[in-house]
Amino acid sequence: MDSIDIGLWVTGGLLLMVVLGMRVAFAAGLAGLVGLVWIFWAKFGYAPDKLGKAVTVSVKIAGQVPHSKVSSQALSLIPTFILIGYLAYYAGLTKALFEAAKRWIAWVPGGLAVSTVFATAGFAAVSGASVATSAVFARIAIPEMLAIGYNKRFAAGVVAAAGTLASLIPPSAILVIYAIIVEQDVGKLLLAGFIPGAFSAVVYVLLIVGIAVIFKNVGPPVTGFTWRQRFESLPGALPIVFVIVIIICFVYNPFGGDAWGTPTEGGALGAFVVFLMALYHGMRWSELKNALLETAKLTVMIFTIIWGVLIYVRFLGFADLPGAFADWITSLTMSPMLILVCILLAYAVLGMFMDAIGMLLLTLPVVYPAVMALNGGEAVTAADSAFGMSGTMCAIWFGILVVKMAEFCLITPPIGLNCFVVAGVRPDLSVQDVFRGVMPFFIADGITIALLVAFPSIVLYLPRLAQ
Amino acid sequence: VEWNVSLWGKRRAFTEHVEKLAELVSEKTGGEFTLNISYGGLSKNKENLDGISIGAFEMAQFCAGYHRDKNRAITVLELPFLGVSNLDEEVAVSQAVYSHPAVQEEMAQWSARLLMPSPMPQYNIVGTGEPRDQLAEFDGMRVRATGGIGQAFSAVGGVPTSVTATEAYNAMESGVVDTVAFAQHAHLAYGTINRADWWTANLNPGTVNCPVVVNIDAYEALSPEHREALDSSVDGAVGHYLENYGKLLDKWDSVLTEKNVTKVELAEGELDAFRKVAADPIREKWIADMSAQGLPAQDLYELVMATLKQQRGN
Amino acid sequence: MAGQASVLEDQSLLSRFDRWLLSLEQALALLSGLAVFSLMVLAVVSVGGRNTANMPLPGYVDWIEQVMPLVAFMGISYVQRDGSHIRMDIVVGRLHGRALWFVEMLTVLLVLVLMVALVWGSWAHFQRSFDFSAPLWSRDSSIDIGIPIWPAKLLAPVAFSVLCVRLVLQVWGYGRAFVLGLANPVAVPLIQDTVAQAAAEAEQLEGQE
């Protein structure tokens, strides 16, 4: 049996364990460990007296991975981004944002829903995680929408969909994870998420306005705020602007001249600003302790998946499966663009059943080299490439597409975490209600993804500027 | 027989000797003995020596500066201002040190046998703004330099600053560092040359040492013909590396012109002053520390000097 | 999907072990949280030092790499205790009674096998970096300022050992439920249906605002 077969058998075993309900991180780690033993024993010719040696070598290889992989400066962005989100609750940023958005823009058709999207997009600039974002806005925005006669399914759908913006608009834990798996510049990827995130928000807004104009029952505009009231709402939302400016300027300085530091520093300083805000807002040790414990919990969950899956990936490296898959993809006679669309569709199907981070970690080690090979390799120039962009730019573009797909999966049935959370916050809403309410946004996301595929410059404009 | 080889990054000038070695060995044995090269799939670069010691793969490349405590003896080759001026000299001093019994003994603790060096040119710095060609101008300079080279700069008031190689470009762009010390191929690969206004042509502060090693058990398990094929291919592989890197160095001057980068030459007096405050104390401290740990440090240093002298005598 | 669940308690020996271990797990998780906080402080010190006194924190990257294992590992058992490690519970969620306890016990046993192996492997990884006869006991040091790495490497086998103890308790708990055919066993995370679980998550946020 050659190593490709071993790779396929072990992958099958991994899927079985995942379906059986074994925690994804450990299932991946165990599959990787067993796979390594198999590969090494095969190398020793399956001699019975060599099994012990195969186990020893494999255990030692697997035992390196946790420390080796988590002690990375780039990964330190993830806990910081998560901490920002938790501190932001205590700083009162969410309420302030929604209030400001309401006073300034709720006069358009579907006004409160539009305000919700904008406020969520603003909160996305300090929050690195989609699910947390939806949970917060479900409590702030849905009651207000229902109070003025919104369809409750629609109101829930708006919040579930808008929460997904948090993973495109920087900071974003999932973009950092992508950057690490594919070994690309974290700063450029974060930067690249900015326009597609804003673009998604605009598509959501246009959809809402369209629906509000056609179906009058969606929700009336909210008018009557004075200019004085509008300006009074701004100071509360100001820290968000601070954080955005800090993070962006530490990655790339749009005002001309040098950036201010590295993304790692930017993330940490952003957290510090929000921390000071929260202190000012009345946070004390017991709340801070709570925030730290919650941050630790989410961080450990993510890191356990990271090293667990990377043990499996180390096994794939020894089995050379990624290389074989890349060879197979490039040998296909379909057009590269068609193959890319098929890959994205496969992600849509997989994402219906899987968690976003787990999905990316499991698939990218195999899919990413294949997509890069499809474009013509890492070092290809734009002129010689299949998608008309250099290797680095293709890595960034594909990253944004994949993350957008992963976000889309947060709102698709049967497993759409954002919808579950919104339904959880609102006892009067069933999960089915939320899935029904979020359906119009499938169209918006479909349009967004199609446009990002057709016009890569939407993604690549900022990274190219920063070069 | 198939050997797994753990490298990292992408195929580049720095890995050409391993690629050539694989080609030669396979040729000589009619495909019976092959080297299966993996770029990062088998291990992280800082753990290649661990992988060799475990027996995870049979051949690997690593750099001494990544983990000085793992390989104290060969760090003699990373002392600042050794006076190595070209790649041929770097090969000669590396091979001399690699054959020293104390060095081999330390590597044997990792089940590793030193096969060949990956000679690197001197880590001259690129910087932005006005060229720094006086020692006084290094005062307060934030420089991305690790190990002995970093220590050398701090001896003249420089501020060694931690950034990873991949963040070096960002760090330079953002003013986190003023200057970056790299070999030429890395200045090209990590794009630091694109931010540079000047490059020091004759500072020659030192370099890093990155050997290619093989697992001792695997090496000893080879049949005599296969071992002969491997050993006899080393010279050809290193020769190919030198030729290839030489081309890159020839291209270097045209890159400087094209990017409008000034070539900075420091006056001999300035260099002497630098060596005096940086090279001598750091070397003396290294010898004292390593001797205290039972390594023949003085011996190793003198071996380097003697080899250099001999190489120049030829 | 996330699989957060509740853990029941009573006066049995198993439950007392569970609570005793929980207090250790909570302390370790808080250590993780404080480590995240220290990442923020490190950056502020480094950026501040650089811009005010031209004194960036020496070895900033090295220090981050030392802190990360603290962030990543110390809470692992705390998260396992209430079943928060991510999993797919489409299938498990449909099971009841003995079938459920059997599958849970089986998967936890498999996790235990993995973690025992990883305690061994990560201990070996630590041992290669540790040498009693060397200065600072160090046989592996960081790239920039040369600090010993063995303390950071030691964190993995330590945290994984605590997790192994937790897994043994859970095997005991599920095994007991399977043998006795219990409806609501103690000391193991019980699946809530997804909606109740989301409500619990949301409640947690509520407390924080």
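Note that the chains take the letters A, B and C in the order they are written out, and that residue 1 is the start of every chain.
The rule is short, and it goes like this: contacts are C-beta pairs under 8 Å (C-beta built on N, C-alpha and C of every residue); 3 or more make two chains touch, one makes a residue touch a chain.
Keep in mind that what you see is a predicted model, and the values were worked out from it rather than measured.
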| item | value |
| --- | --- |
| Farthest-lying chain, centroid of Cα atoms versus that of chain C | B |
| Chain at the geometric heart of the assembly (C-alpha centres) | A |
| Interchain centroid distance [CA atoms averaged], chain A/chain B, Å | 39 |
| Chain A-chain C separation of Cα centroids, rounded to whole Å | 23 |
| Multi-partner residues of chain B (each touching 2 or more other chains) | 46, 50, 54, 163-164, 176 |
| Two or more partner chains touched - positions in chain C | 61, 124-125 |
| In chain A, residues with contacts to at least two other chains | 60-61, 64, 68, 73, 261, 265 |
| In the complex, chain B residues that touch chain C | 46, 50, 53-54, 65-70, 140, 142, 146-147, 150, 159-164, 176, 289, 293 |
| Residue numbers on chain A that touch chain C, as the complex places them | 17-27, 29-30, 33, 59-64, 66-68, 70-73, 75-76, 79-80, 82-83, 86, 89-90, 94, 132, 135-136, 138-139, 261, 264-265, 267-269, 271-272, 275, 287, 289-297, 299-301, 303-307, 353-355, 357-358, 414-415, 417, 420-425, 427, 430-431 |
| Interface residues, chain C side, partner chain B - complex | 50, 54-56, 58-62, 124-125, 128, 134-135, 138-146, 148-149 |
| Parts of chain B lying in touch with chain A, wherever the complex brings them together | 4, 10, 36, 38, 40-44, 46-47, 50-51, 54-56, 163-164, 166-167, 170-171, 173-176 |
| Footprint of chain B on chain A - complex, ascending | 57, 60-61, 64, 68-69, 73, 183, 185, 187, 250, 258-263, 265, 314, 316-318, 320, 322, 378-379 |
